[in-house]
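Order of writing sets the chain letters: A, B, C and D. Residues in each chain are counted from 1.
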Amino acid sequence: MTVITPPSTATSVEVRLPSRLGFEKVAMGTAASVAKLMGFAEDRVEDLKTAVAEACINAIEHGNHLNEKLSVGVVLSMDANTLEVKVIDNGDGMSAQVAPPDIDRKMHGEEDPRGMGMFLIQALVDEAEWVPATIEGKSYCRLVIRLDKELI
Amino acid sequence: MTVITPPSTATSVEVRLPSRLGFEKVAMGTAASVAKLMGFAEDRVEDLKTAVAEACINAIEHGNHLNEKLSVGVVLSMDANTLEVKVIDNGDGMSAQVAPPDIDRKMHGEEDPRGMGMFLIQALVDEAEWVPATIEGKSYCRLVIRLDKELI
Amino acid sequence: MSMQIETTAKVEKGTSASGTPLTVIRFSGDISSNSKEAVLGTYQKLPKDVNKQILLDFSKSEYLNSSGIALVIQIMMEASKSGQTIHVFGLTAHFQKVFKMVGITKYATVHESETAAKAAVA
Amino acid sequence: MSMQIETTAKVEKGTSASGTPLTVIRFSGDISSNSKEAVLGTYQKLPKDVNKQILLDFSKSEYLNSSGIALVIQIMMEASKSGQTIHVFGLTAHFQKVFKMVGITKYATVHESETAAKAAVA
């Protein structure tokens, strides 16, 4: 088992899930609870839930290759206005640019019908970043949503 | 930070919370997600949520004495019909018998108006146990709810 | 950062179906150890001689725990001493069960709805 | 133990507000990578020459992810080749937005309700 050390400055909640599809819904439930307690509006909570689910699915599928011996770590760090979620896996990770899905190309069979997860993550949260594994640390996807955004 | 090793036989989800009142609601959200996915009926999910909340409050207050440097661990282990939740703290724990609250005594000021948490835990789940800390392990409250119970 | 949702309480004067004056305390937010002022404090500010029928409205409280329930018991203790009657409504089926489990229903009446509560006050 | 809720699909024949025959596929359960048979399979079993107006009902699907949405796109691809029109309803406001974000609304119409969808089919 892995130890994930949350940043000491922010308050954080940590979840560890088995690498089995479906468990992303548990992370959604936890993230939703945290976001609601922080005062996020319902639509932002929905945005976060989808982003967290997609990041977990990628960690389960692409990072941990559905190996149930490996777990996916979800670290939720919060301060007064910001919720940061790191979804951590045991793979090499990636830092590639995310091309938005091109529905025309998909409809013409020129692009995989899949490949929308990373785009959705980026589109739904205020900040999204993919950090590849290094000697010191694991691969993770980091998302941030901010409370003030909803006041606009 | 503490490492909690879940039993290797069951599938498990682990949550780690700061010892601050209010965070029990995050554990409620996670436990509810797991229970819903396992197919528990709505009223059993509510029973579990209250039991998990009360166990977390006790771990935060009595186990970790509101010391935010300590975290409360929640390990949810599931198999086809059973959900076991362990709520782990850094205190000595307790194994005392739980006396049900006596409302008459409370009304006459002969008993603290509080002191209903452990009773509720026991009353709401199928199994409840308090395991004190030992040299090998930490103090925890263990609850079990079973899926078949709702078929009766 | 607090993870507790502040409890607020609004006091409203009304009458029962049969015309008896009553006082409704409408809570919102969490009902927990943090709610002493809003729950017990609000009740205690009501003059005990003119507020004999007290209705506690929990329909806007999503979260209730045993420390919050202990505050309700404290209201019941004081109410019993001053000849007030406590009625509760707005609880989910789950919390109606919990209130019964801890014995609250022995000293207060729990109603399905505000209408039912107001109809029950003689 | 699976943490995925099985997808089921029910096919229903109907007519639009103006009397055009249409086929409703009502999904329930998760719409995810596990739903290929229920989503794509159910659609593919419908003869393409007689089912020209296809309505996809997501009102009973609490959980949808990008792999599930990819299956909807696969339906749209086949439908476009066989001159069928795809209508979608029963999505929450959030998933209406998501469907728009990924471009689905360019090739299928997303409606607020079943009534709206049936009114829109000429």
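In this text, contacts are C-beta pairs under 8 Å (C-beta built on N, C-alpha and C of every residue); 3 or more make two chains touch, one makes a residue touch a chain.
Small disclaimer: the values here were computed from a predicted structure and weren't measured.
Engineer: Using the touch definition from the top, list the chains contacting both chain C and chain D.
Structural biologist: A, B
Engineer: For the chain pairs A-D and B-D, which is connected through the larger number of C-beta pairs in contact?
Structural biologist: If we tally the contacting C-beta pairs, A-D comes out ahead.
Engineer: Cα centroid separation between chain A and chain D, in whole Å?
Structural biologist: Those two chain centres are 27 Å apart.
Engineer: At what distance in angstrom does the C-alpha mean of chain C lie from that of chain A?
Structural biologist: 42
Engineer: Would you give the residues of chain C that are in contact with at least 2 other chains, written as numbers and ranges?
Structural biologist: 3
Engineer: Check each residue of chain A and list the ones that touch at least two other chains.
Structural biologist: 11, 20, 22-23, 25-26, 37
Engineer: Chains as vertices, touching pairs as edges: which of line, ring, star, complete or other describes this one?
Structural biologist: Per interface graph, the chains form some other shape.
Engineer: Looking at the whole structure, which two-chain pairs count as touching?
Structural biologist: A-B, A-C, A-D, B-C, B-D
Engineer: What residues on chain A touch chain B, complex-wise?
Structural biologist: Those in contact with chain B are residues 1, 3, 5-6, 11-18, 20, 22-23, 25-26, 28-30, 32-34, 37, 68.
Engineer: What residues of chain B sit close enough to touch chain C in their complex?
Structural biologist: Interface residues on the chain B side: 20-26, 43, 46-47, 50, 53-54, 57, 101-104, 106-107, 109, 112-117, 119-120, 123-124.
Engineer: Could you list, by residue number, the parts of chain C that touch chain B in their complex?
Structural biologist: Against chain B, chain C makes touches at 2-4, 30, 32-34, 63, 65-67, 69-71, 73-74, 76-77, 80, 92-94, 98, 101-104, 106-107.
Engineer: Okay, in this complex, where on chain C does chain A touch?
Structural biologist: The contact residues of chain C facing chain A are 1, 3, 5.
Engineer: Show me the residue ranges of chain B that touch chain D in the complex, using the header's touch definition.
Structural biologist: Within the complex, chain B contacts chain D at residues 11, 37-38, 78-80.
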